[in-house]
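Note that subunit A is present in both complexes that follow, paired respectively with subunit B and with subunit C.
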Partner chain A sequence: MLYFLGIFQTIGVHTLLGLSAYVLLLTGQLSLGQVGFFAIGAYVSGILTVLFSWHIFAALAVGALVAGFFAFLIGFPALRVKGLMLVVATIAFSEIVRLFFFNLSWRVEVNGFDVGPDSTQGFREIRYFAANGWEQTHVVALIWSFVILVMFLLWWLDRVRAGAVLRAVGEDDLAAQSSGVNLTMVKVAAMTAGGVIAGIGGGLFAHSTTYVDHHTFTILLATFAVSYPILGGHKNVFGTLLAVIFIQGFVIEGLRFMGDYRNIVFGLLIILAMNLRPQGLVDGHFISDIKKKLGGKPKKDSADA
Partner chain B sequence: MLSINNLETSYGLIKALKGVSLDAAEGEVTCILGPNGAGKTTLMFTLSGIIKPDAGSIDFFGTSLTGLAAPKVLREGLALVPENRLVFPLMSVRENLLAGAYTRNRSDKDEVEADIEKMFARFPVLKERQEQNAGTLSGGEQQMLALARALMSRPKMLLLDEPSVGLAPVIVNEVFAIIKQLKEDGLSIVLVEQNVVKALEVADHFYLLDQGRVTFAGTPGEMENDDVIKRAYLGGG
Partner chain C sequence: MLRLSNLSKYFGGVRAVDALELNVKTGEIFGLIGPNGSGKSTTVNLVCGIFGPTSGSIELDGVDLKRQAPHQRIDAGVSRTFQNIRLFDDLTVWQNLWVAWRDAPGQEHSWFSNWFGRSLSRRHEIQKLLEFSGLGDKSNNLAGNLAFGEQRRLELARAMASKPKLILLDEPAAGMSSAEVTDLRQRILTMKEMGITVLLIEHVMELVMNVSDRIGVLNFGTLIAEGLPEEIQNNPLVQKAYFGSSENTSGGDTNAIDQ
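Right, the complex of A and B next:
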């Protein structure tokens, strides 16, 4: 049971990470910097609960805000670069963040123990949940409350004007600009929102694993973050969730018996998925395709079904 | 009217516009000709606020547009139809038109709907394809859509950046027929073109842009009689 709860935690945290990349992808920005914001959220909220004995919610909020603030700052120079250059620039950013925490040593005595980030040794004492009597089921519930909240907000965003504006910028920023869209505002807002979401994810991650170090926040995790919305399709938020379940639940965990051969299968599956569903797993026809597969009739004739 | 004075724009160290001055009168079609790299698109981008000029002034019906950001320029009534059409490919035709009304007051929903119907009357093919993704339209249809989208903002003046580029001759004729209609309806237009023969059919005034400078200004008649232009643009000696 604990094992499955662990998988639920991982899927929840990775969904938040994927959704942070999803927001940016809507505006056509491919960022490998989400892991940087994720790391900031993890370390900042961890420092607040461990070193300053803050409540988890306050620590998560501040971690998310700090990550969002850095994302806001990154948003402006990021406006000037597109495509591959943006990918490189955001990798550079997340490496700066990682190396900062790699070097950060901030040990403080709390209740007779030395705690805090210990540079290369990592940050080991993030035991808020255990110390405050949270069961693992509570932790899973907390993570998924955030996942559902963020998914709901993004789903709703897609139904209002702001969502259309984000997509317009993503489809063609020059056309959006000549229709009167404020490009700077939209792109920076998306970057900031992505930073906040990744920051929450990072905070939840740090507290649910109790231990983070710089190895956690490498380019590999950054690649996962962008591959979820790309693989899942950025037509809607459910694609990202489905991609996380597919990759974390099936490829990483489900195929564990294959050992390192998983990596080969992983690559193959991604190539296969990209070929079979170029718009992502959940594209515009997803629902009607499923209906067809189930033998039902397409949407228009559903009245007599 | 639009009055541009000594406009200078650069990309880093490269000066693309080296002091351009020109006027576009109300109700007329003002055509800007010039070879590739002359600065035509840079001029369009500067006028519509996508790029900021280094020097010079843009005056539009008594308001200074110099240095204003793109959304504000559009609100003042100067709308750009960018080169190569640039529709939103994954949005439907109708959504593209709605996007064109982005700067308009949200309360006049009914008027926006009425304007969409007007666009459908002017461009019947868009009505047929209103629920289709814009990316699935042909080049000519996309050009019509880009035009209609710009018109949805109810501009006083339209900047048309090479509407004929990459289109079949028959479609080019259709596009120019639309431009003629818009002119008859009283819309002021600045037209950037390389197709001089077609431009002659609609334009009231010509400017020739070369390497960031205006090298000729005059009426269609004066242009046809200019030896240099005749050789370079109209063919024959």
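Right, the complex of A and C next:
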């Protein structure tokens, strides 16, 4: 049971990470910076509950806001670079964040114990949940409440004009600009939203695992984050969730016996999927295929020629 | 309405637009013709802010557009279509217009409703624009799934969704059948009746000669002639630049020059 709760926890946190990359992907931005915002959310909220004894919700909120603020700042220079250059620039950002926390030492005595980030040793005392009598089921429920909330908001976004504008920018930013869309505002807003979502994910992650260190926030995790929406397709948020379940639930858990070679399988899967289904596994056709198999009619808007 | 003075754009050594002087008057349909590569599309891109000019000025009703970002020029009242159709293919017809939509003055929605309002708020008006464009029953189709002529119409509708004062059409009839051209002509005339000023770039002579109030001829990035359609048709300089020689052209029967 505990084992499955652990997997639910991981899937929930990774879904938030994937959704943070999904928002950016809607506007056509491929970012490996999400792990940087995730790390900021993890450390900031951890510092607040551990060193300053804040309540978890306040700490998560501030962690998310700080991550969002950095994302906002990154959003402006990110506007000037596209495609591969954006990938490289966001990797650089993630590495800077990682190295910053790698060197951060901030030890404080709280209730007779030395606690806080201990540079290379990591930050090992994020025990808010245990200290406050939360059971693991509560933690899982908390994580999934955020997952559902974020998924709902992104689903809703596609039903209002903002969602159409984001997608228009992703499809053709020149045409969007020429249709009156303020590219700076839209791309920076998407970056900020992505930062906030990753920041919440980071905070939840830090508190549910009780410790973080610089090994946690590697480029591999950044790659996972973008792979989810790429594999899941950017038609809707459910693709990202399915991709996380598939990768974390089946590939990573199912192939545990393979050790680190799992990551190779993961890499191969991405390459394969990109070649076979460039629109993502769950694209419009996927959904109409399923509807057809279930006996319903295919989606009307994709059937017309 | 639109005044281009001494406007130039160089791409390396290529003088795409070269000290161009052009004046489009309020309410008219100004036809801009010229051989391929003479700088017509570059002129549109300069006016819309896709490129910054190498030198010169762009004024709309006396307001300098040069320092405005492309989306601000939409607010100033300029919109355009593209020579190669650029729709949001994965969005529906309706969403394509919704993205570009600007409320008429005095009927603006709040900032919140503009971004996070549902489509219901503008259903009636957008539907009217769709009907005007002959797309009344296509609003839920994906733009990428439309037929070629429908895509052209949708792009025109999208350009109108922002309520422009001036609209720049970059070869809107390219690839159209003659029935579709007639249809387009009617639509352009209706736009004029609505008070929209039109800069029409076109190779299809049958359209540009019939619909334009005045015509300018571009060659190597400069205006070599300007006048009424019949003046342009009979101008030997124009025929030379346009057709390579002044022989074998007798005016009205010329059609698409290339492509």
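Convention: the second predicted complex is superposed on the first by the 275 of 305 C-alpha atoms of A that agree within 3 Å, B and C clash if a C-alpha of one lies under 4 Å from a C-alpha of the other, contacts with A are read in each partner's own complex, and residues count from 1 in each chain.
One rule holds in what follows: a contact is a pair of C-beta atoms (placed from the backbone, for glycine too) under 8 Å apart; a residue touches a chain by one contact, two chains touch by 3 or more.
This one's a predicted model, so the numbers in the text were calculated from it and none came from an experiment.
In the overlay built on the shared chain, the residue A:Ser178 is in contact with subunit B and with subunit C.
In the superposed model, A:Leu60 makes contact with neither subunit B nor subunit C.
In the superposed model, A:Val97 lies in contact with neither subunit B nor subunit C. Using the contact criterion defined above for the overlaid structures, shared-chain residue A:Arg167 touches subunit B and also reaches subunit C. Among subunit B and subunit C, the chain that touches a larger number of residues in subunit A is C. When the two complexes are overlaid on their common chain A, residue A:Arg159 makes contact with subunit C while staying clear of subunit B. Legend: residue contacts after superposition of the two complexes on their common chain; A:Leu231 is shown touching neither subunit B nor subunit C. Across the superposed pair, subunit B and subunit C both touch subunit A at residues 164-165, 167-168, 171-172, 174-183.
Residues 48, 50, 69-71, 74-75, 79-80, 82, 86-92, 95-96, 98-102, 114-119, 138, 140-142, 145, 147, 158, 161-162 of subunit C are the ones that touch subunit A when the two sit in their complex. Those residues of subunit A lying in contact with subunit C across their complex are 159-162, 164-165, 167-168, 171-172, 174-184, 300-302, 304-305. Considering their complex, residues 164-165, 167-168, 171-172, 174-183 of subunit A touch subunit B. On subunit B, the positions that touch subunit A within their shared complex are 48, 50, 69-71, 74-75, 79-82, 86-91, 95, 98-100, 102-103, 146, 149-150, 153.
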